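Both of the next two complexes hold chain A, though its partner changes from chain B to chain C.
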Partner chain A sequence: MQFDPFVIPFNIGLYFILIYAVVRSVRWFSNLSRPDKLRLQRGFFGSAFGRSLKEIFMESLIHRKILKANFRLGYMHMSLAFGWFLLILFGTIEADIFGTRHLNPPYKAIFFKFFNPDHGRTGFEAVYSFLMDLILAFILSGLILAVIKRFSSKVVGMKKTTKLKLPDKIALTSLWLIFPSRLIAESLTSGVYGTGSFLTGSLGSVLASFLPANQLAYPFWWLYSLSLGTFFLLLPVTRYMHIPTELFLIFARNSGIRTGDQSGAFTEIQTYSCSSCGICIDACQLNFSTGITNIQSAYLMKGIRNNEDVNDIAFNCLMCGRCDRYCPVGIELTPIRMIRRRAESVEPPEKSLWSRYFPDLIKIVNTRSNGHPAFSWLPQIKTEATEVLYYAGCMTHLTPAIKKAMIRILDASGMNYRFLDEAGGVCCGRPLMLAGKDKEARELINFNSGLIRDSGARILVTSCPICYKVFRESYYLEVELMHHTQFIKMLIDEDMLRLRFLRKKVVYHAPCDLGRGSGIYDEPKDVLRHVARLQPTGFDDDDSLCCGGSLGNTRISYRQKNKIAADAASALTKGNPEILATACPLCKKTFTTVTDTRVADIAEIVAEAIAPNPPELKKHVVKELYREPADMI
Partner chain B sequence: MDKFGFTLVKGRRIDYDSNDRSIAEYVSAHEPSFRICIECGCCSAACTTGNFTQFSLREIQILLKRGENDGVRDKIKKCMLCGKCTLVCPRGVNTRNVILLIQEAFRKNIKNAV
Partner chain C sequence: MGRRVVVIGGGVAGMEAAGQLARRGCNVTVFEKETETGGHVKNWFHLFPDRKDSRDVLRYLGNKINHNNITLFTGIAVEGIRPSNGSFSVFTGDGNEITADAVVVATGFDLFRSEKKEEYGYGIYENVITSADLERMFRKDQIRMHDGSIPGKIGLVHCVGSRDEKAGNLYCSKLCCVTAVKQAMEIAEHLEDAKVFCFYMDMRMGGAMYEELYREAQENYGIGFIRGKVSEVAQNIDNKLIVKVEDTLTGRPLKMEIDLLVLMAGMEMSEGGKKIAQSAGLDTGENRFFKPADLHFASNESNIKGVFYAGTCTMPMNITEAISHARAAAADVMDYLDKQKN
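Up next, the complex of A and B:
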């Protein structure tokens, strides 16, 4: 029996964390809603299983997304995760092949060198020792980067790194100690027996030449075991909880579970999956334009995990979705923030460290309301029957040029349309939702739904991406919903709109709620290409910037908003375009004040391009081209 | 002749001694831009709710600053938070946050004696 008391701390830590991970997983599973449970079961025994395994390998071990975004940071994460994984895997194989017997307890693989110090002298054994040394060197290279990053984050290409709490610091120190102590322990043992490969062997012989290696090795084996044990014991209360949680998250996500708009077990899993890597901080415009560095999603997740009052963090956000796009774990950060905004701001009770091992399910207490309808004053409006319904939205009324342009386009298309909010309409409800007032928003949604239903329209066109997003996600409408860029694209494709080509250089700014929020990237650009020379900006598609005028943020001041807008505008107009085109009245309004370039909505540009006298079309051709509105769809 | 002379019409008098300005103070503490409002009324002119009702953010500002909170309590709920007022404000007052803070102050029953 090969045993030594120093393996006890490691064994305690290892079995604790294994049992803990199982208990937490069972708890999460039982807290999932019934449909989600079924999804997870189906996913576990279906094709999602393979996809999950692949994703775990690519993302949790290799860290492909981080590598793509930032090689040095990715290398750091990869060397620690993948390197450690390889070390355990090959260590187990080593213990199995070269050990005294097969099927060893885990500690045999981890402390193989201590129990088999004479191993690795010749032949295949030496090659294997070389491989093990190579893996250790791989991990240590990443560890050096990690230590440097803690003190100077610029080295790994990060402008900001996350700030830590006390348990995090202890866990981090023990994590940092694991591999150097293994290196020194193995080297000293190798030095005594004259074994080891290029790393442990050479270092061992050097150390053994002037140190009493035989006596020193044992304390370092103790240190190695202790740091492993400490790390495992502290893991549940630190950010390293993301290591086991992320596995669960990947399985759940591949099984089709989504955040939705209710808080629950899946939200909690995502919260614990955040590794506080800090990539969201670098992606955030509030960080690089206004220097606000304490409200990014990593801090929101940390605040929720630590049961802190995150009200200020939750509301100080543009809700542009850039962090969702960059998050290497793929956490749905903006939906979680939306859920959090509904919570009442309360001072959370102080929690002991022990209770943080088994936290209650994260519960969000919705803001109290008195139950009376808030919008009893809503007017009685009758809508007339129509085929196409145009809903301009509040913001479009503030930028009448867009409204006029849309009327011009609708008139030119010859379609049978009605202007729903010609005399000013009722808000779509999304601003209220962004402020966490879902109940009030629902009243507006019901009101507007009634209007749209009464009109019997088949197509609902809106000019405002904010309205578009809420119509798409929170209204239950039986109409084809279109943003005006999609509508114009359809008119062009169907040849219902004849346009001239304007010889103008145009750049396109994708609004957050239309692009990242609703996934519409191509139609606006297609329309622009049809009428002007569209140029790339370097911030295209899902990489687009926020204009800063977002209704999502109620905390930043007018000056800070302007700073974000000015930075975004100057980044977009670097190529000196003649027009900065956008598809959102709010973006237009925000950009107009901060740039000298002409800012115009796509509808305005298209209205400008409408041929003054429709090209000579023969009557029968027109009839062929123009389908009766009743035949639409 | 006994009806001759000056008199105070009670309904038109602002009694700063008995009025409660705590809500205005709560709002300006959390949103300092509330103080720089010049009561020009652009917000009320642009208002979506004001299109249908008598809702006026300008009026609310004035009432709160006087400490006449009674009238505000019901009015403030009418806002749809669409944000047009923020965009038209010539002083850069963060009006959406002002409205949210007023609602919060009433909900929390910040020392509201009136």
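Up next, the complex of A and C:
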């Protein structure tokens, strides 16, 4: 007799979730855009397949990235995921070798002990039982951590953990019950038959010594099967949906699919892939500088999944991209947030049971505008033909020292250049985009694109990473776009700019939109090394902090922004540098308010290094003037 | 024994408090970090609202501290205060330590460093100066641009580093409005042909005779008052300053060519005061100034018994208020010392 009614809940759950995963995947696939479908097909039969398998093993099972970021949290995830995988793998082998016949139905492996209670007496069988017990112990150790984390997240090295909703709680309870009920069921059965290894065997003999193990075992096998079945049945409507979704995501990403700026199947896949692990909360400066803990990407993903009104969450973000950098699943969190910003507030629809399991594709619809142009009053500007076009941007106009330095550098380079916005031009459009006003931004983009085209320039240089990012991503330009740090690097490499070494201790703050946002890390540092002593800060490259001045956050106060800025500045200036260098006028302005260390843009430092007797840029101008008032007048 | 008082700071409040205490028989030691007493007043020309020569005030204060009970140390800053057995150890920058039965903190204010508002171009454009720079020009009777020529159009920017959350100062410095009015009138007197504009957010004319001064500036001096915060200053090819501002009364953005731009720098907690607050554990407020024990009835008391505040180290004040506050501090110190004795 190789069947018992108690396996039915497990079987229902298992076949349900397998069929569900297939149906959902087909739906996702059919909702992908045509190019993305082709990418996925090509990826499936190409090298992306192998890479994906490797990534699934390393990230979905071993959880390498979480392990690296936080060992205890990683261990918790690994013991549950990898342990469970091993249990199934070795359980299947066990059932195959030691069972009555080969090619068993899956429940045989899961409930092996029930059907083969006498197993584990001979030497080899005992060794195998020992292995199975070891795996179970491995899982249980992670489970204990998970239970403790629920009540005190600090134990696993996390400062914050995510909050749960009801189906999540039920699924979580059934998940927690799976392995303890297996332990007790196996132990009781082992106790009756005197089998089992160090864990189930010992516990079994203890339990059997004072309990009617024979009668008790059966209900626990039922509990084991029921908790498995419940978990599988609830999985699609809980955060555990991330387990199957992540596999799809890994294949899609390795096939070259990216978020872009439209909502679609890939956005949805990413949204469902978030496991709410909470690493983004710990990485977020809004959390550790201002104590705001309910707007991080894990909550945004959850809100979008549940079709909640996440407007306040979407706009309360510095858009610095630190969570993208730390997300162990590699979800493109900031682009998704950007897409969500364009949507109006959503009314949570009534949710039927069917729509919970098969929700409509998450569509984040753009706010409809009234159709009238918002900037019909823009001036007519004529650009003159030039080789290099310099666009300072509005933030650079508010930091004239950078503008002055750039003019000096451009003059020294001997290149033929013109200003695109000398007397104050038209905004690049990114602030509007960050505010979710894409259509209005597009008007500005078209206006500036016309000017840039008419100039016939070969190179477009901008001082502001905010402008740089939007030029790169949302303009369709035929010029070579350069941030001024790249331009200066080119001038140095081409020997068009000769500089002295300034012998100053400098640290570099990588601006969000230039570094994480546009991937430019090396040029600014190369230029700085050329003219000064560059020192590491502990927050370098993609680890860099947000200055706090971000235009991206429309919800927090200047007081909170200044707090973020002050914390970031003190972290960056720990080594007492003479200059806190940055490559963004907004970062410069923000830091100047909160630190006594001199803050300067790389362009200013370079300009200082040009002249034979460069005028020192003064930090305490007031004092200088007090001493020599004659110079003033 | 029992009457030794250290006064930290030899500005208006410090000098007044020291004088009052000395006359009441205290043994007073005054520390002034600069080489001369007088604080900021020695940089000013005429004072609002009556245009009194600042030297008159300095003379009055000088007479006050010229007293046998006062020992004055100039060029020496105080680094910290530590309570010990009912008295205080005061540590100075030159490494000395002095014992006092009570301490009066009169560390005053620093002017907001206008170069922090980089968009106004101080330290970048030659013809952008501060209100303090302008006072020095008045004293020399030479209001000139950097190249020595006479400015025709002069702008005064209110609220530089005051009422500016971005600059980290939410509070109003209270005296810049009236200073601007006074300075605008003085410019008009010095340069007959000059056209003077004030760019303001609100005119806060709360002091005695301030409103009258404001009226006079409009009626008799033809000063232009434009309601709007300056957003940005640039320089054109002719070295003229281009001021961008929104005229919020007409609701229009405005671009104005200006020869000389004067920034009304606000008042901030002094650097020296910050150091003392940190080392002594004295409470500071949201505005970073020292926080009095009570705003209504204990504005001279600190969170440490025996340490008192006088003048602008607690909030922006004019000279009149600083002197009154210092006298009140002296009264509080006398009360405290009397109680200690019994």
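Here, the second predicted complex is superposed on the first by the 605 of 633 C-alpha atoms of A that agree within 3 Å, B and C clash if a C-alpha of one lies under 4 Å from a C-alpha of the other, contacts with A are read in each partner's own complex, and residues count from 1 in each chain.
Keep this in mind: a residue touches a chain if its C-beta (ideal position, glycine included) is under 8 Å from a C-beta of that chain, and two chains touch if they have at least 3 such contacts.
Quantities reported herein were computed from a predicted structural model and do not represent experimental measurements.
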{"item": "First (chain B), second (chain C), both or neither touched by A:L103", "value": "neither"}
{"item": "Partner chain in contact with A:L398 - chain B first, chain C second, else both or neither", "value": "both"}
{"item": "Which superposed partner A:T554 touches (first chain B, second chain C, both, neither)", "value": "first"}
{"item": "Greater chain A contact set [chain C / chain B]", "value": "B"}
{"item": "Which of chain B and chain C A:T592 touches, first, second, both or neither", "value": "second"}
{"item": "Touching partner for A:K437 - first (chain B), second (chain C), both, neither", "value": "first"}
{"item": "Which of chain B and chain C A:G424 touches, first, second, both or neither", "value": "both"}
{"item": "Touching partner for A:P379 - first (chain B), second (chain C), both, neither", "value": "first"}
{"item": "On chain A, the residue positions that both chain B and chain C contact, one per complex", "value": "397-398, 423-424, 557-559, 589"}
{"item": "Residues of chain C touching chain A in the complex", "value": "43, 111, 113-116, 118-119, 121-125, 129-130, 132-133, 136-137, 140, 142, 144, 146, 148, 165-168, 170, 231-236, 242, 244"}
{"item": "Parts of chain A lying in touch with chain B, wherever the complex brings them together", "value": "367-368, 374-375, 377-379, 394-395, 397-398, 423-427, 429, 431-432, 434-435, 437, 444, 549, 551, 554-559, 586, 589-590"}
{"item": "Sites on chain B touched by chain A in the complex", "value": "33, 46, 48, 51-53, 77-78, 80-84, 87-89, 92-94, 96-97, 100, 107"}
{"item": "Chain C-facing residues of chain A, complex", "value": "397-401, 404, 423-424, 557-559, 562, 588-589, 592-594, 618-622, 625-626, 629, 632-633"}
